[in-house]
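These are the structures in question, set out in turn.
Note that subunit A is present in both complexes that follow, paired respectively with subunit B and with subunit C.
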Partner chain A sequence: MNEAQSVPLRFSCRRVGVLAGHAFLEAVRQRVFQFTTLLTAVLVVGSLGLRELDFGGAELKFIADFGQGALVLFGSVLTIVTTVQLLGGELENRTVLPVLARPVRRSEFICGKFLGAWAVVLVFCAVVTALLLAALWVRELSVLAGPTEAPVLHGGGAPYVGVLVGGALQAVKFGLLTAMVLLVGSYAQSNLFAQSASFLLLAICHLQYLARDAWQTGHGWLERLGGGLIGLVFPNFQLFGGEYLMAGADGATLALAGRVAAYGAVYTAAFLALAVWSFRQREI
Partner chain B sequence: MAEIDNVAASRRQPAIEISHLTKDYPLPGGRQRVRAVDDLTLTVATGQIFGLLGPNGSGKSTTLKALLGLLRPTLGECLLAGVPGSNPAAHRAIGYLPEAPYFPRFLSGRELLRFHAKLCGIPRTGREEHLAELLTRVGLAQAADRRIGSYSKGMLQRIGLAQALVSDPPILILDEPTAGVDPVGAADIATLILEQKSRGKTVLLCSHLLTQIEEICDRVAILHRGRLLAEGALDELLGRCDRQALVVDSLPAVELTAFREWLGERGGTLHGVERPPARLDRFFLQTLEQAERVAAAPAAVTGADSR
Partner chain C sequence: MMRRVVVSKIWTWGARAATMVLMLGTVGLALRPLEAPAWAAQVRQQPSLQWRSVEGAMGQGLTLGLLGGFRALAADLLWLRANAGWERCDIAGTSAALALVAAVDSRPIGFWLNGARMIGYDMPFWRIEAAGGEATLPTAVVCHVTEAQARAAIAHLEKAFVHHPDHPLLHIEIANLLLQKLDDLPGATEHYRLAAQQPTAPYYAARIYAELLRQQGRERAAYDWLVALHPTLPPERENPYAMADTVLARIRELEEKLALAPASRYQPRRE
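And now, the complex of A and B:
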């Protein structure tokens, strides 16, 4: 007994995988995932019905933008609610006690939660992006087969590559948001606080341009310092928008998307490390 | 030879050692602190069933959490088989049932056990058979594939006990294992705990059911306001090492006097004559068993007729 225990418990990817699978199963069985995915799917498919309105001809781009908007909005809500539920729910309901009483490192627990929550959001992104691509394809086919001239095809066909890469960038962004929510949840004492603080962080990250403006063109040193600090600490979520991809995805724009993904990965690693550190300090 | 030395060493090594454990919690505002556990020192020898008693708020759960490394002690140290409880490696040796266990509602009982078995690294070969056997042992074979959200309080305790046993650990830490369980279930759990002891396991348990503690524990400790009030073997604490009770049919006064004299001639003393206390829990179990027998009898007759 003593001999087996004296062997140090090293970080195990197997245990992280078990915890991630458990978190994924929990999240997909929750109604919030099912409801959000269904609602977003209905919106994306429903965008086909909006073609009767006159948007000036760029209908396929409108469908793509509408779908991306739904992905961004509901993906953010799903990421925050699911991640808070996966960590805060376990802490609040004390289901975490028997798990941490197992030979499990706290870093493995947080990494498992991260991967499980992110996997759920990846499934969401994959489903919505696939539906969006299908909607674009259906509309493109119907336009091409139509008797009248097709103004919607100005500037090429549907932005399939743009939608695909845009969906991937959003998935990277949601991974980063998952890590940020885990950091908040690792010290939050209630789910309400964790959710409120996470939505506040989301807003700050989307309004990064204000901080960057203050940093570059601020009036006093305090404003510039504050802007600089906020600009450095919080990632800029606007970079993940990928609007430039919708106009046509060439080598240069794809390279830019790659750099944005790398930027997101670096911030994700940093926030995840902070979440692990914070959770290790926590008394349960 | 080395193996024998290791076995001998593990026998000498106490399963659980708590030395000078003190735990303070900050009160809101952060300036004042409340002491939940105050200089607690306890040792649980390997193979014992040790009962931790005390009223609500006496520091039992805090002690267990500190032992498991879920809380950082303000002072003192907790060891599980010689390894600090804060080291996750020490958790290889334990199974833990928390107080009022709450498990993910979205899982079935079998899925919960599978999750814990995977965490403990139990190999895939034979895992499902092991889980089925555990579910049968805790009386949940029929409800194994039902969602935990639909379980009663007693069923939650049983599935909690099964998850504590999933890795067949040498040390079991059970916080109120019979809370909310009916008397039949409580008796089953007591049998299961005694079965673990017979297999050489160490059990540390907290309970408010003093009768049950008295029946199954080798030693107990009583906590109050975080302090240790008493600790020792039950016979020592209750002062009954040198006394015995004889239960006989009622004797007439003359015979009782004769018995007293007979005892006196042999240097003994009859300290008291009283009716043995009736145990409601035993009466309850006997009544249920009788009802089960009566219910089973016609079925057996019907079965015989139909054949």
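And now, the complex of A and C:
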């Protein structure tokens, strides 16, 4: 054993940055990114024409809701597919071997993939949120022109701050989802399994609050135990919904959004740590 | 040998899964003080989806829509279903669809108002027609059906107050039902007063409140109300909805009726 091998390799942020940059470029070139971004952009712009389908709410709120819905749905698809392709593709094609044969720690590899995949989703969130804000501004100009039936309009103008903070919360949620997909991918033997399991996890996390309810109000001990376990292990994705921000973003709601962001950040760190640990156990 | 390898592998995987569950459970427990108040505050401000109410009626498309975040769109599609039931005069189908719409998305006020109109104004007509028509039924039966549906509509609107506390349009809708279906003039007046006191109330709520007071012989109260209202209204050329000139004309009518001395009559600043 020579001297170089005996010195343990220290974690390097620079190497993580290089890996993240490569992962980002690879993900941006993927068709799934281009397709989901284009489709979401078309949906957001198209919501201006879909307002005829709005039967119950204020028009600007409907556009904001619809845009947020497109962000949530296609953002989730993009996060899962991109992350699985970035990690699973390397494992399936064995291109991970030459990378790990170099002085690169497995934790750096996972962190690089995480940052690269998340950066792609952040670009997606920024583009969609900017388009949504522009669509709202365009409609607001025509909706709020002229006299109104009431001295103060319910809901007022477009919920710009709500859309902005809502987009940021979704970006935090997608970061958490990226870490969860990496954990699944760190032991999955195929991309298909990783994608299926990740979509299942997404559904569980969206319905986590039902497990919490079962824990608190369940009838049998089995229901309470199962509910408690699911409620503790999985994060609550409904927290990131941010629909309450559309009613108006005051100090209290922004503080609430800050709490939710902190909750997401801690869970992301935990899932990322587990993904690193699991990937280190893996035989490649 | 083979068995030992399998057992060892299962043990390794089991231990790994248990470690993950343990760690995530600890994180979940540690984050509980952060999650619980945030969730409670969020549910207070934004009612969570009533899954238990909708799970039996959902197809795959609706599930995907709700999980994907298209709650508004899913509710709109369910509203179409309610309207399809309304076109067929199907009381059970329309009522079920209205309940579903409220469970999926309780935020849009239009669903509550239009749902209450279906229950309170259309359904009694369907029920009476199904029973043989107004001409063949005793008046008591017709009145009973009309009253029952009006009360059901008011109950529907009262549920909306949980999500829209003191929304003026809900008060106005209840007042209209009380006035037109239950002949409850004092009740309707009170709801118009509650509506008119909200900052987001349409201008007409305050005018109708004064008119209802006048109809009950409370001219002095109507006059005081309109005198207090008029200075708060924008000029008619700025906002015709406010109808400041009409309010002033009613003030003058009431002054004549109350025979007020010229010195004690209302003098608007903009006249």
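Operating definition for what follows: the second predicted complex is superposed on the first by the 261 of 284 C-alpha atoms of A that agree within 3 Å, B and C clash if a C-alpha of one lies under 4 Å from a C-alpha of the other, contacts with A are read in each partner's own complex, and residues count from 1 in each chain.
Simple rule for what comes next: a contact is a pair of C-beta atoms (placed from the backbone, for glycine too) under 8 Å apart; a residue touches a chain by one contact, two chains touch by 3 or more.
Bear in mind the structure is a predicted one, so any value in this text is a computation, not a measurement.
*Asks:* Quick one: classify A:283 as touching subunit B (first), subunit C (second), both or neither.
*Replies:* After superposing on A, A:283 lies in contact with subunit B but is clear of subunit C.
*Asks:* Counting touched residues of subunit A, say whether subunit B or subunit C comes out ahead.
*Replies:* If we count touched residues of subunit A for both partners, the winner is C.
*Asks:* Which of the two partners, first being subunit B and second being subunit C, lies in contact with A:231: first, second, both, or neither?
*Replies:* Touch status of A:231: second partner only.
*Asks:* After overlaying the two complexes on chain A, where does the subunit B footprint on subunit A coincide with the subunit C footprint?
*Replies:* In subunit A, nothing is touched by subunit B and also by subunit C.
*Asks:* Applying the document's contact rule, which stretches of subunit B touch subunit A when the two form their complex?
*Replies:* Per the stated touch rule, the residues are 6, 9-10, 13, 65, 68-72, 80-83, 87-94, 96-98, 101-104, 106-107, 111, 115-116, 118-121, 160, 163-164, 170, 173.
*Asks:* If we count contacts the way the header does, which residues on subunit A are in touch with subunit B in the complex?
*Replies:* 1-9, 14-15, 18-19, 22, 25-26, 29-30, 93-95, 97-105, 283-284
*Asks:* Mind pulling up the subunit C residues that touch subunit A in the complex?
*Replies:* Against subunit A, subunit C makes touches at 16, 20-21, 23-25, 27-31, 34-35, 37-39, 41-42, 45-46, 48-49, 51, 64-65, 67-73, 75-76, 79-80, 101, 105, 107-111, 114, 167-168, 199-204, 232, 238-242.
*Asks:* Using the touch rule from the top, collect the residues of subunit A that touch subunit C in their complex.
*Replies:* 53-58, 61-62, 65-66, 68-73, 76, 147-154, 183, 187, 202-203, 206-207, 209-210, 212, 229, 231-236, 238-239, 241, 243-244, 247, 252-253, 256, 259-260, 262-263, 266-267, 270-271, 273-274, 278, 281
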